[in-house]
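Next, two complexes with subunit A in common: one pairs it with subunit B, the other with subunit C.
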Partner chain A sequence: MQHAPFQPGMPVGEHPYGAPSPFMRGVVRRWLRGMLPSRLTNVAFTPLAELEGIITPNGLHFERSHAGTPHIDPARFSLKVHGLVDRPLAFSIDDLKRLPVVSRFHFIECAGNNSLNWRRPTTNAVQFTHGMLSCSEWTGVRLRDVLHLCGLKPGARWLLAEGADGAAYARSVPRELWDEALLAFAQNGEALRPEQGFPLRLLTPGAEGSLNVKWLHRLEVGDKPWLTREETARYADLQDDGTARLFTLVQEVNSVITLPCPEKPLRKHGTHRLSGLAWSGHGRIAAVDISFDGGRNWQPAQLEEPVLPKCLTRFHLPFTWRGEEMLLQSRAVDEKGNVQPTHAENLRVKSAKQVYHNNSITTWRVMPDGEVRHVRLA
Partner chain B sequence: MQHAPFQPGMPVGEHPYGAPSPFMRGVVRRWLRGMLPSRLTNVAFTPLAELEGIITPNGLHFERSHAGTPHIDPARFSLKVHGLVDRPLAFSIDDLKRLPVVSRFHFIECAGNNSLNWRRPTTNAVQFTHGMLSCSEWTGVRLRDVLHLCGLKPGARWLLAEGADGAAYARSVPRELWDEALLAFAQNGEALRPEQGFPLRLLTPGAEGSLNVKWLHRLEVGDKPWLTREETARYADLQDDGTARLFTLVQEVNSVITLPCPEKPLRKHGTHRLSGLAWSGHGRIAAVDISFDGGRNWQPAQLEEPVLPKCLTRFHLPFTWRGEEMLLQSRAVDEKGNVQPTHAENLRVKSAKQVYHNNSITTWRVMPDGEVRHVRLA
Partner chain C sequence: MCGWREWIWCIPATVAVVLVANSGAAQERPYAGIGTPLSAAEIAAIDRDVRFDGDGLPTGSGTVAEGEELYAERCAACHGEFAEGSGRTPALLGGEGTLATDAPARTIGSFWPYAPTVFDYIRRAMPEGHAFSLTSGEIFALTAFLLHINGIVEDDFSASAESLKGVRMPNRDGFVMPPHPTAQGTRCMQNCRKEGPRIAAEAPVTMEGIMTGDREEQP
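And then the complex of A and B:
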């Protein structure tokens, strides 16, 4: 026997809140030493190579904060809404939960995802190329319902969303994004995790992760953007002439192959499955094409149902490998017709100086021994 | 200020695998002292009153085992397939993961859910009336693909699925269920939790939970059922004449209101939301109706998208409460036209002696002080 079956096991209810098997202890979020100067403003990446389907378990949702995770008692928390409104109001979490509630499956992706590889491939792990990407079922109330209760004044065009963290992290949100936005208090069924904004976060489906302000305790309605540090010095796209494009908020169509990948080399000749994730801030994924030869030939991958808007979509393609070198690529297309670009195509519309919003096609070189390396084609 | 904002928080990456906020420590699985004789064969219930949406976080998936949870090293584990097959084969977890993989959102419900209340209401908490019910995105390979590799011999009509737990828990699965069944190795993106069958379980969408054999290490193909203890003495429906109906495997259309409920009384007069879950082993939920007066008048609830087959469906209905007594009921209808019965209607087709498969409409009595009690109407 490979294992000893038929022994009495761990009693039922031993872990009132369960945990993964001890054999899975390597499946964790990881951060990169030296990438950012402080543990308080840093990133812990989702281990995409170890995940299946589209849901990210809450314990592995990527983490990005600018002053660490605050410790907030929900019973003493409230959301204040003021500015260009008829009735400035404060809402406790219980107040919000009595309003109409909706649940939506959406990805969140940091604008800086894959930015370490914008100039050249510097990380050789899908956890560090694309791991600032996670997907959950989010539950909350509609932002527009809360604003309606407060009554918008004429001229209301922007709002400032401010977190209660040590950075007083704050972002300006344009009116176009209000209709779909949620004030979310739950992810994957349970209360938000502390690192995800417990007890309340803004959710702006399809927009860059940093706009989804966590520990959300204040909304100020105004007629123009606030131009905070986090939308001018950061999360803005530097151009060749030294100016910056501001408020490029939508995460463009993108995809990545998670199997095989640098962490998941090929160990045997024979049949394998190729698998990966595609997403777009513009809506649903329409198609994903796969190339085994660096973009010369393409074939369609199968998309796993349900394909939901502004949500991760899992794709699959079976293939056979006999030890030949391969250049694996995935190219996603969304329902608006946006096609994921190559790096060269991206440089025609974006500056090589920018660090955010890198949705270029990624290439994995599979070596004759089955190892997988992150490369850029000439 | 209700809380002290703008303090430096917990460093990023402090918890490589995250956990809920300490303020949510009451949201846990619970077991009922005295319900079953041993902690090794017992149940820990999902806290449905605390959950939103349709996904159950893995740490809160209900737990049912017959000899505790075994500790299994996946590297030393294999699934053996034998019996009426041309090629008896053993598959490691890695072997299975190279086959075509699919992900599906499905509920699992124990056949004994709500059985404590079959004769009369004995539990006053939705966690204990309906908490043997959870829902996940399950990932695995198709049972039929594995059987195809082994080659079915003529006469193959049943298979025995055996777990590696201390009970050698085993169930006969009829051929009608093979097409949709999965050999699942992941739930909500990550490896199965130990209590859910790590590293491999059978998933039979829509069938009673106990058929979804956990720690699955052996499949034997045969031409008739094995009539194991767990499908004759248990998980069979005792009839008035002392005989038992065997293999009543499909979980019938069902629903329950999770807000308000005994654990979530009404604390204020004014507008509230009613929310709950509906499901059917026959397919999609088509409609859920709500009564505030014990079934005299009904109005349709809103169903949250996506509505998926053999999956939980979340429903909502806003209402206003001014302190009046109410008798809250939900009644689900599935796409096959099955309508959730009252207890009296159920007794016309089922015996009062049976304990499993109680899908009767549940009644919550809301008292003038807002407290909620589980009652049965005459």
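And then the complex of A and C:
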């Protein structure tokens, strides 16, 4: 559908909820054939190249589930808390909304983000290198307030968070993450989307996405981790010597350039805006450096406000391009002093077969015709 | 095993407990009374997790032979007749000795550290998409069968709470708790490379054919 200028448009209220412009039809989550076992246990990636600012629209938040997305009736839903507590309690969504409610901006990044590029670059699109990354304003109650109502017993050190999905997806959450955690029922001002765990999800800021259990219906407090299949056989990082690291929960400092990128080639000579996203599970982003020559020389990019802890930070830097080949890189530094590693630096302490937690610096090769290719440098 | 980095939060936690107890005595706890008490029976109905050490395993048992039959009926269509995997559905056996190689095969036999977790996972996640659909006896039988085809138990094995706690998985010691080392870059700004850069590898140019998600393609 198209309207000529100065002609009557769509009647008011035509779309009671609203939808993007018909000219934005290509801006959608996408998934990769053959990446994961089935359509039920799979991932759909956020189109990072098409987004501005730091907030991911709800319909574009990346999607990862282990048994599909259930539609759960909130009227028949409750969060049950039991285990090492004095008072096992069930909370309806309305019960939770009687407690103090807080809103916070945080990214969620799948531990498997950029996993397809550990051994060699395989995905020529920022949607598929870093698109398991999204950022929202999350609203909910503090986990610790709910635990306080139940009364923690001595020895409480871990809790099992279980989803009401078809995989009863379950993860152990260590006590050091409880203080900052939220039980979120809203994202970006509206109820959670079904793909994001409607009516309730756990939010563990800075921790790997899979810890943020969706469709959260049960919390059991215990004294030891459960070591479920999803934290041993999966989401544990296999090393070269054959051992695997458990509970590698923090998403380390990371960044990527979203303009230009393979989906956003340069079309004209002259001045351009380089832009991208940086984030760290350890806190705020302190700086982002940009290299145009494959890491030989670097210059600081401008960070855009707001710069919030455990949240996406947008950066930009103007540059001039006259058709020369360039090797673009971004390198983020967080407020704890962590510096994003190159691929070689990452492999000094990690393994290319660990699947998860690839925060290596990504290189975009800008060709003389302005096309952009994902490459690995030596 | 319990409580990694215990020293970080055990002390604050103890302090917090004392503070909370004191403040409770001094003033009425705000928001007290929100939430509905859960009875022991209500908890029992939803408390279906099994911990790595077998805590939470139910009563009942199941044999390798029973499991073999169930596997053929309920699992083989996806995981293959011999549990060898099919398409992208994971294999449920094999992979011994591959973890330290360049082509690691992570299976129950080669990778999983604890036998009770096999019970827990089948119970909550299998057959795919159907949580908590099998009976305890069926899950014990399937667990016995999967352990057997991985060469971990004999063919006369009967899985139960007691027997599964006694099974030692081949990769039991293959997992490391935190803290783990973190990779660090270096913040050099000028003349940071001695040589290169040289392009070592390049991604295939097009994502077409493997990428999907256009609205036109949605069912």
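As a working rule, the second predicted complex is superposed on the first by the 374 of 378 C-alpha atoms of A that agree within 3 Å, B and C clash if a C-alpha of one lies under 4 Å from a C-alpha of the other, contacts with A are read in each partner's own complex, and residues count from 1 in each chain.
Just so it is clear, a residue touches a chain if its C-beta (ideal position, glycine included) is under 8 Å from a C-beta of that chain, and two chains touch if they have at least 3 such contacts.
These figures come from a predicted structure and were not determined experimentally.
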| item | value |
| --- | --- |
| First (subunit B), second (subunit C), both or neither touched by A:44 | both |
| Contacts of A:103 with subunit B and subunit C, given as first, second, both or neither | first |
| Touched partner set for A:168, first subunit B, second subunit C, both or neither | both |
| Contacts of A:20 with subunit B and subunit C, given as first, second, both or neither | first |
| Partner chain(s) touched by A:31 [first = subunit B, second = subunit C, both, neither] | both |
| First (subunit B), second (subunit C), both or neither touched by A:122 | second |
| Touched partner set for A:65, first subunit B, second subunit C, both or neither | first |
| First, second, both or neither for A:289, with subunit B first and subunit C second | second |
| Footprint overlap on subunit A, where subunit B in one structure and subunit C in the other make contact | 28-31, 40-41, 44, 67-68, 78, 98-100, 165-166, 168, 217 |
| Residue ranges of subunit A touching subunit C (in the complex, touch as defined) | 25-26, 28-34, 36-38, 40-41, 44, 66-68, 78, 80-82, 87-92, 95, 98-100, 117, 120-125, 128, 145, 148-150, 152, 154, 156-158, 160, 162, 165-170, 174-176, 217-218, 220, 222-229, 232-233, 236-238, 240-248, 252, 289, 293-299, 327, 331, 333, 338-342, 345-346, 348-350, 353, 359, 361, 365, 373-378 |
| Interfacial residue positions of subunit C with respect to subunit A in the complex | 1-6, 8-9, 13, 17, 20, 31-32, 34-38, 42-43, 46-49, 51-53, 87-90, 99-100, 102, 104, 106, 108, 111-114, 117, 120-121, 124-125, 128-132, 174-178, 180-193, 196-207, 209-215 |
| Complex interface listing, subunit B residues touching subunit A | 2-3, 5-24, 27-31, 39-44, 50-61, 63-65, 67-78, 94, 97-103, 105, 137-139, 164-166, 168, 185-186, 188-195, 198-199, 215, 217, 267-268, 270-273, 275, 304, 306, 308, 314, 316, 318 |
